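Each of the next two complexes has subunit A plus one more chain, namely subunit B in the first and subunit C in the second.
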Partner chain A sequence: MRPLLLLLCLVARASAAPPEPSIDVVAAPPIETAPAGGLDPDVVARLDAVDQAIGTSPLDALVDRVLVLYESDDPFSRAQREAARPRSVELLGRIGERARTAGDLVTAARAFDARRTISGGGRDPQLAQVLTAWAERDAKASPGRALYLARRARAADPGDSRAADLDDDLGKNHRVWPGRLAIVAGFVALAVGIYARSRVSAIEEDLAMHARPGDQVESALAERDRYDAIGTGLIIAAPVISFGGVLLMWSGKPSYSPTSPAELPALGGR
Partner chain B sequence: MAPLLALVATSCVPVAGTAMITPAIALFYSPGGVPPGEGKLGDEAKARLEARPQRALASATQGALAAAAHAPDDVRLQRRAGAMVRELAQHGGVGELAPQATHAIEHLVDIAPCPGLADAAATWLALGDPARAGDAYVQAAKRCDSVEAAIAAVAPLRQVNRCEDALAALRAAWPRVHGKGGIAVLDGVARCSDAITLRRNLSFAPPDVVEDYFALLEQRRLDELEAERRAESERREREAESRAFAASSRCSSECSAAVSSCTSSCAGDAACLQRCSALGHACSAGC
Partner chain C sequence: MRYALLLLVTACAGKPLEDLEIACTADSECPHDAWCDLRYHNDVCLSLAHSAPPHIAFDGFVLGQQIVKTIWVPPKTTTIHTLRLRNDGGSQTDVIVKLDGPACLDAFSLTRGDGELLDEGDTLDADFDVDPAVGCASPAMITITATASDRVFSFPAMISISP
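And then the complex of A and B:
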């Protein structure tokens, strides 16, 4: 994991550096990385093609086409990203909305996620809603992925209560309090058991100290036996109940960690 | 039976009490939920993020080649396409774009040999064709009066054992040389010569320049030797320091062991202990 993070940091740093205005060629003048108009004709043509294909072509492929400029790390693409940003953001927004309307949560999430990354990572309620819907859909089948989506949704829109609730629900150990109650119940059982055992001793001492008629002795012995049974039972049951509580608590600890689905993040290291 | 029950009853309380220690601890240190944080990348996401830049570069290069084909008179677009091909070649190969790349390079040379030949040479070099790269640099040197191109021709032509062509280009470029470019040209000649042929190959330069160049080569050789000698001496110094440190540590540890052995044989005698201590100091000072 550590080398990957380092790699992502290096890529992020490289991406954050201002693009070079030209590239050098041995024995020739340098080549300008961006034309005077801001965008090369193939970049404009690619974005135009995406614009026209929304509604007719698979939306997932259109997201890929818009992202070519942002994923290719050549100096020409880097130099033209800024000029292409407004158009790319607009196109990704439209693709996302269309995919969302069609019920394609994954493509909608990819489009909105890429849009948020390209536009600087600000608040994006649309992305948060789509990610939350996706997380809710997958929560049972893949809780680790759903937790990742919920947390990403929360980062996109900290005010989204559904994302926050889902994050809390998936990230929390729900058996802590029932487990604690069982442990406390065990302690209560132990205390009552000790009390019952003390009553047994008290009855036995009372019978040894004072002479009583036969029926009273019989009754006292019956009461002693009752306390004895209750006390011994509770003293044995107390650790069983408490350990049950401990096991209950540990069994509730989530065995997963937030893990991204294959489709996210839409852009790496940015 | 009754004594057994009594035994069970009396031992139950301490056993149960002991068994409650773990739950009591668990009551305060209970397992929490998933730690905060955005999480980690899944294996599939990692694979996708690693593969995408290469595919995007291929797609961008294809776009650049198409744009160059659509605007055949736009020299910048032709040169950009060549540069993109070089990028792609350095990041895994051009694959099925090779015919388009070849066509673009040839077209660039046709419409603008200067600087097209230099671009073409750099691109052939990136595509792993040093012979064509060398030829293009030689052509650039001739047609564009470029000394830099003549110098750049040496490496690819040397790779394909065509030093004679490189030497011819350097000889032709010599009259146009100014300033420090002269040394680079002579270095190019030196790279394509051996001890026997160097003087003959340098015959195009004035004799005083050749003599100065030989003096420069000698100075470089001496500098190199001096740098090697210095590096060797530094390495030896480091090794000696390391050995001295190891010996000193070993000596100190042996002194400590001797003092310890001496002290244990004193049986509490103060005078003996004092002698042992003095012995230890003398021993450590000798280290």
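And then the complex of A and C:
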């Protein structure tokens, strides 16, 4: 009974309290998440500037300017990417061509790589060729990087035989077959050695069984000595050859793994 | 690695000739640096580097303290004499001595029929008896045959018969 009375008192008090004052605030205009015309004038101006600067400005800086839109992660920039794609792809293609002609493989690779990423990652023979040329150039000095470039080139154009060959060449253990052959040769040597030793025993048994003229005995002994030397030599050499083959295979394993250069991928975050 | 080298050295050194036990019936059936051991009829080639076959030489007849080439014997009387053989070969042997001559001389070896032991470098004084018949030609030629380890050595000798 007592809790019920207490509850009634609380309800009566609440209904008797005066109403709170309301405050009206003037709202700020909503933040735009996309330009009205699809592309912001600043972006258009930047792409125009790049277009005009091709041939006069450093090409790597131009690549950076084209990619500003794609490296910015704000909603406003993201909203413009689709509209800016055709122009960006065209500009990156031109920058890449010019860099390639000038022998600047790194900038050309960056430009083509970014173009491929922006355009959806399809087949890009130009990118594959540039990456392959770069990989070939650096294969000796930096095989891990060359392997990465070759594989990226192969991904860009699976039909590029140069890229495929380079990928296979750099990623493969070239001593597998020589090593295997050495292992097999070791077993063959062992078999031949055992056969030669069996011939030694056979000759010795024959000499002990039958007397014969001295010249025939001399001849048989010389033959026995030959088989003895060959057999013993091969039996000793067999494990050395086989073990050498294992070592050869082991030593042929590439000691490097694909390593991306600092310049690639041109658009890693996208 | 050490065992492999040891095996290689052992193989290069080759198996000793004695261990091969090459069968033979004469020296000519052995390698040039070996001889045929026939003593116990095991008939195997042995290396000359370790031993050599026995070789029997006839020194002469023993007469007192002297060695002479010929002796005088009385007719119709059995007398015992001694001849000396020498093993100047390279191994011990058993020597079987036989005397062959005219029947009228009646000469026989008195040595053991299965052979007398004769060490290498040593000498054997072999007794024999002789009983010449009357009319036996003098001097009589005899052949001393010493068989050592199946090797036969023959020596001609002369015995004079006293008138």
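What we mean here is this: the second predicted complex is superposed on the first by the 242 of 270 C-alpha atoms of A that agree within 3 Å, B and C clash if a C-alpha of one lies under 4 Å from a C-alpha of the other, contacts with A are read in each partner's own complex, and residues count from 1 in each chain.
One rule holds in what follows: a residue touches a chain if its C-beta (ideal position, glycine included) is under 8 Å from a C-beta of that chain, and two chains touch if they have at least 3 such contacts.
All figures in this text were calculated on a predicted structure; none of them were measured in a lab.
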Inset, instruction - Considering only touches as defined above, state whether A:A141 meets subunit B (first), subunit C (second), both or neither. - result: neither
Inset, instruction - Pick one for A:D40: touches subunit B only (first), subunit C only (second), both, or neither. - result: first
Inset, instruction - Would you check which partner chain A:P213 touches, where first means subunit B only, second means subunit C only, and both and neither mean what they say? - result: second
Legend entry - First (subunit B), second (subunit C), both or neither touched by A:L221: second
Inset, instruction - For A:G171, decide between first (touching subunit B), second (touching subunit C), both and neither. - result: first
Inset, instruction - Applying the touch criterion given at the start, work out whether A:I236 contacts subunit B, subunit C, both or neither, answering first, second, both or neither. - result: both
Inset, instruction - Check whether subunit B or subunit C contacts more residues of subunit A in the superposed model. - result: B
Inset, instruction - Based on the superposed arrangement, let me know which partner A:L69 touches: subunit B (first), subunit C (second), both, or neither? - result: first
Legend entry - First, second, both or neither for A:E204, with subunit B first and subunit C second: second
Inset, instruction - For subunit A, give the residues common to its interface with subunit B and its interface with subunit C. - result: 228, 232, 235-236
Legend entry - Of subunit C, residues touching subunit A in the complex: 4, 7-8, 11-12, 14-15, 20-25, 27-32, 43-45
Legend entry - Touching residues on subunit A, where the partner in the complex is subunit B: 1, 4, 23, 25-29, 31-32, 35, 40-43, 45-46, 65, 67-77, 144-145, 147-148, 151-152, 155, 170-173, 176, 179-180, 183-184, 186-187, 190, 193-194, 197, 200, 228, 231-232, 235-236, 238-239, 242-243, 245-246, 249-250, 252-254, 256-265, 268-269
Inset, instruction - Using the touch rule from the top, collect the residues of subunit A that touch subunit C in their complex. - result: 204, 207-214, 217-218, 221, 225, 228-229, 232-233, 235-236, 240
Legend entry - Residue ranges of subunit B in contact with subunit A within the complex: 8-9, 12-13, 16-17, 19-20, 22-24, 26-27, 30-34, 36-42, 44-46, 48-49, 52-53, 55-57, 59-61, 63-64, 66-67, 70-71, 76-77, 79-80, 83-84, 87, 114-115, 118-119, 121-122, 137, 140-141, 144, 146, 148-149, 152
